[in-house]
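Look at the two complexes coming up: subunit A is in both, with subunit B in one and subunit C in the other.
For the complex of A and B:
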């Protein structure tokens, strides 16, 4: 992965030390009401939930339960195509720790946890030691679902990192059975900038994938939410853009170029910013083949707890793998894939089946011409070099 | 007061007893897992629904009161959706 470009704001100038943090941002001011300050800030972990509502919900639940709340910073970025949270933790750990301190004060928490992947931990240990902060660091596995809110809570509690469903939400009963505030690390860093008067709600971190001379070029950038996608991502000869990541959607490049990154800007294209991934698939690749590799990986990453996901995703993945090869295909295969995909939606304890199906159905829609070519025994791709990153074994 | 069937998808192991006892409101998918009729349960099905809930070997089936107030677990345990929900 290439180094992210130097940027002001969330990504700082590249020096993660406390001294550089204080020089750039000054001391952390006291905030009388964090929920008011958060305003219309939305979570940056994928679901885009309003931050203020979560803050108020946890504070109320803790008061009602008569127990201090728990605050968890979620740096779990199991998505292979996403790197923005890891880059943020590397470059600006003290903004994230500031955000944790603000959130803990706001909801009356006596326990503060920061959970992240193994590679992020050494830097975080240094940062936590530098400021003597009472923050417990928890190492997460690099499984796709490690950052799923309920799986994260299970991991923090020392159990296997499995989603548990949301019959009882974590804001009511999370870590140690206590009301728990879980915020993505970028969300926390944005709160730290907001506390200092920065315009932190209007931009976002994205992980960009574009073709380069020696394979895909990946970087992380902070971009305005009102920017047009075509100005944020070098589309070149791209045929389609993957928006949001592996629970996201394909959008034809021509339609994608003019979209803004706000929720309302992406919605007409059936897309959402999700995990902040933007990938410009070059014209020489096969979108079906790329999607098939990702979906096989996603099927294997199912926690295997819910019958429809356990049964439906591997079948949809196997069907897609056949469709991704030039035909002839078994009659009814495309209808089977649609049916299997439809059967898993809304029937899991977490969003994994729904998100995976979103990717499958967008691929079948956007790459319809390629489907027809495959059915006729041809593939239009001239390169089979992998573009989207998929952990070894799934491709 | 109305009632609504829900399945805990983690607890459900696909025994299919619910579909045997309550075929009016539960059908099994091609892997043996229940698909619940959308919406509120008709009043005349309450009694057989309670029997199905009691008979579930995995204790995965629930009959929730749908009071009309906002649910605290929006749609995560229905096991009945045939349409995608916005996340």
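For the complex of A and C:
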């Protein structure tokens, strides 16, 4: 993975040391009111929640409960297609740690946790040791749902990483039952840049997937939110773009090129930036086949707690597997997949079913021509080499 | 008023409600296990099982109140209002009435926590609800010891049938709990089942989330 050298940007120049961090960004100034400073910054973990509201909510909940809050940096990037959080932690761990320190001060937290995947931990251990910061590092499993807010809190508390539902939000009762502020690591790094007067709210990290001569080329870049998607991602002969990742949606390449990455810019296409994944599916692949592999992986990654998800996603995935193969399909199969997808929306403890069927329905919409071709017994793809990354076993 | 305060009426009312409560508690426990095992009764959607369990439990609670009130109001035996809540201090058969009092206390807590279920932590509700398994034997012991009807005749047959039903239901609940797979292992199985079902054209069976 390569990233453009932006010395003052989020990804730095590639030297993760504290000395390089201080040379590039200077000391962390005191911030009188972080919520005011955050302004219209939105979370970069996928949900896009306004940062200022979360900061105020946790601070108030902690005051009301009379206990110090907990701050958790969420580096749990379970999404196989996303790499931006891991790259950020690798290259600029001190920006994230700065953000954690700012957030902890703002909400009155006495416990600071940074949770990340196994591969990110050695670098983080070095960074934490360099500054002597009292930050607890927690290793997350490789599961898709490891970064889901409530599953993350469960993992930090030492339990199995299972979503627990949103009846009591984590900003009221999270880690150890205390008000807990969970921010994606990119969000935290943006706070650290904002504190130094940088224009951090107007750009975003994206993980890009484009076809290359030896398979897909994946990189992470910091791009302006107002940029057109066609300028950010080399569309080439792409037929469709996956926007947002595996809980995101497909957009036809022609419609995608002119979209900007802001919330309002993507909304008309039924898309959202989500986990910051942008993938340009080349014309020689089968969109249904690619989606089917991802959806089967997502179905198997269900936490197995909620009936609609545990029963609905596997049916939709198995149905999509059949539709992804050319040949006569059982009558009514397409209608069944639509029905199963519709039945799970809003009925999980977390957004896993909603996000997974969003991908399914967008694929059935965008690859409608391919569906018709498959029903007629042929597939228009000339290459069956996998494009979207799916962990071994699911494909 | 004669008919209400007449010892004979209260005595019959007390015996009758005692018998019906035992039968209804048995039904409630069996239905509760069916709810836990997510069984759909013939002709009913799955939430129908929950409704029946709840209804049987509530009716048995109301009849339990009648049972207790009739015992206290009846002047023939010396059972006071205090005996209705504090076990083993009754003036009549303190030992056997005491089991019943214990069962009443437990039932009150189980019903109250269930009515407040939405406002309680799920774990607290579940812990209290599990004491229902102790409630039933207490009630049975009370019925056999303090009651005058259960020891013989066709009612004895009914009691044995109730006991067998509760024993089987408890066994099913325990076995189900032991067989339950960890949450994270369920989804891959469900996917394999859905694939097999679609390949064979049969509808996929429901996968349990507990």
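The rule is simple: the second predicted complex is superposed on the first by the 387 of 395 C-alpha atoms of A that agree within 3 Å, B and C clash if a C-alpha of one lies under 4 Å from a C-alpha of the other, contacts with A are read in each partner's own complex, and residues count from 1 in each chain.
Keep this in mind: a contact is a pair of C-beta atoms (placed from the backbone, for glycine too) under 8 Å apart; a residue touches a chain by one contact, two chains touch by 3 or more.
This one's a predicted model, so the numbers in the text were calculated from it and none came from an experiment.
S.K.: Have a look at subunit B and subunit C on subunit A after the superposition and call it: clash or fit.
M.R.: Superposition check on subunit A flags a clash between subunit B and subunit C.
S.K.: Touching A:32 in the superposition: subunit B (first), subunit C (second), both, neither?
M.R.: neither
S.K.: Taking the superposition as given, does A:268 touch the first partner, subunit B, the second, subunit C, both, or neither?
M.R.: neither
S.K.: Taking the superposition on A as described, I'd like to know which of subunit B and subunit C A:66 touches: first, second, both or neither.
M.R.: neither
S.K.: First (subunit B), second (subunit C), both or neither: which does A:317 touch?
M.R.: second
S.K.: For A:332 in the superposed arrangement: first (subunit B), second (subunit C), both or neither?
M.R.: neither
S.K.: Could you say whether A:345 touches subunit B, subunit C, both of them, or neither, answering first, second, both or neither?
M.R.: first
S.K.: Have a look at where A:296 lands relative to subunit B and subunit C in the superposition and call it first, second, both or neither.
M.R.: second
S.K.: Applying the document's definition of touch, where does A:143 land relative to subunit B and subunit C: first, second, both, or neither?
M.R.: In the superposition, A:143 touches subunit C alone.
S.K.: So, does A:160 touch the first partner subunit B, the second partner subunit C, both, or neither?
M.R.: In the superposition, A:160 contacts subunit C only.
S.K.: For subunit A, give the residues common to its interface with subunit B and its interface with subunit C.
M.R.: 305-307, 311
S.K.: If we count contacts the way the header does, which residues on subunit C are in touch with subunit A in the complex?
M.R.: For subunit C paired with subunit A, touching residues are 181-188, 190-191, 193-195, 197-198, 201, 204, 206-207, 209.
S.K.: Residue numbers of subunit A touching subunit C in their complex, please.
M.R.: Interface residues on the subunit A side: 143, 160, 162, 296, 299-307, 310-311, 313-315, 317-319, 321-322, 330, 333.
S.K.: In the complex formed with subunit A, which residues of subunit B make contact?
M.R.: Its residues touching subunit A are 8-10, 12-14, 29-33, 72-73, 75-85, 87.
S.K.: For subunit A, which residues count as touching subunit B in their complex?
M.R.: Per the touch definition, subunit A meets subunit B at residues 47, 163-169, 172, 272, 305-309, 311-312, 342-343, 345-349, 351, 354-355, 357-358.
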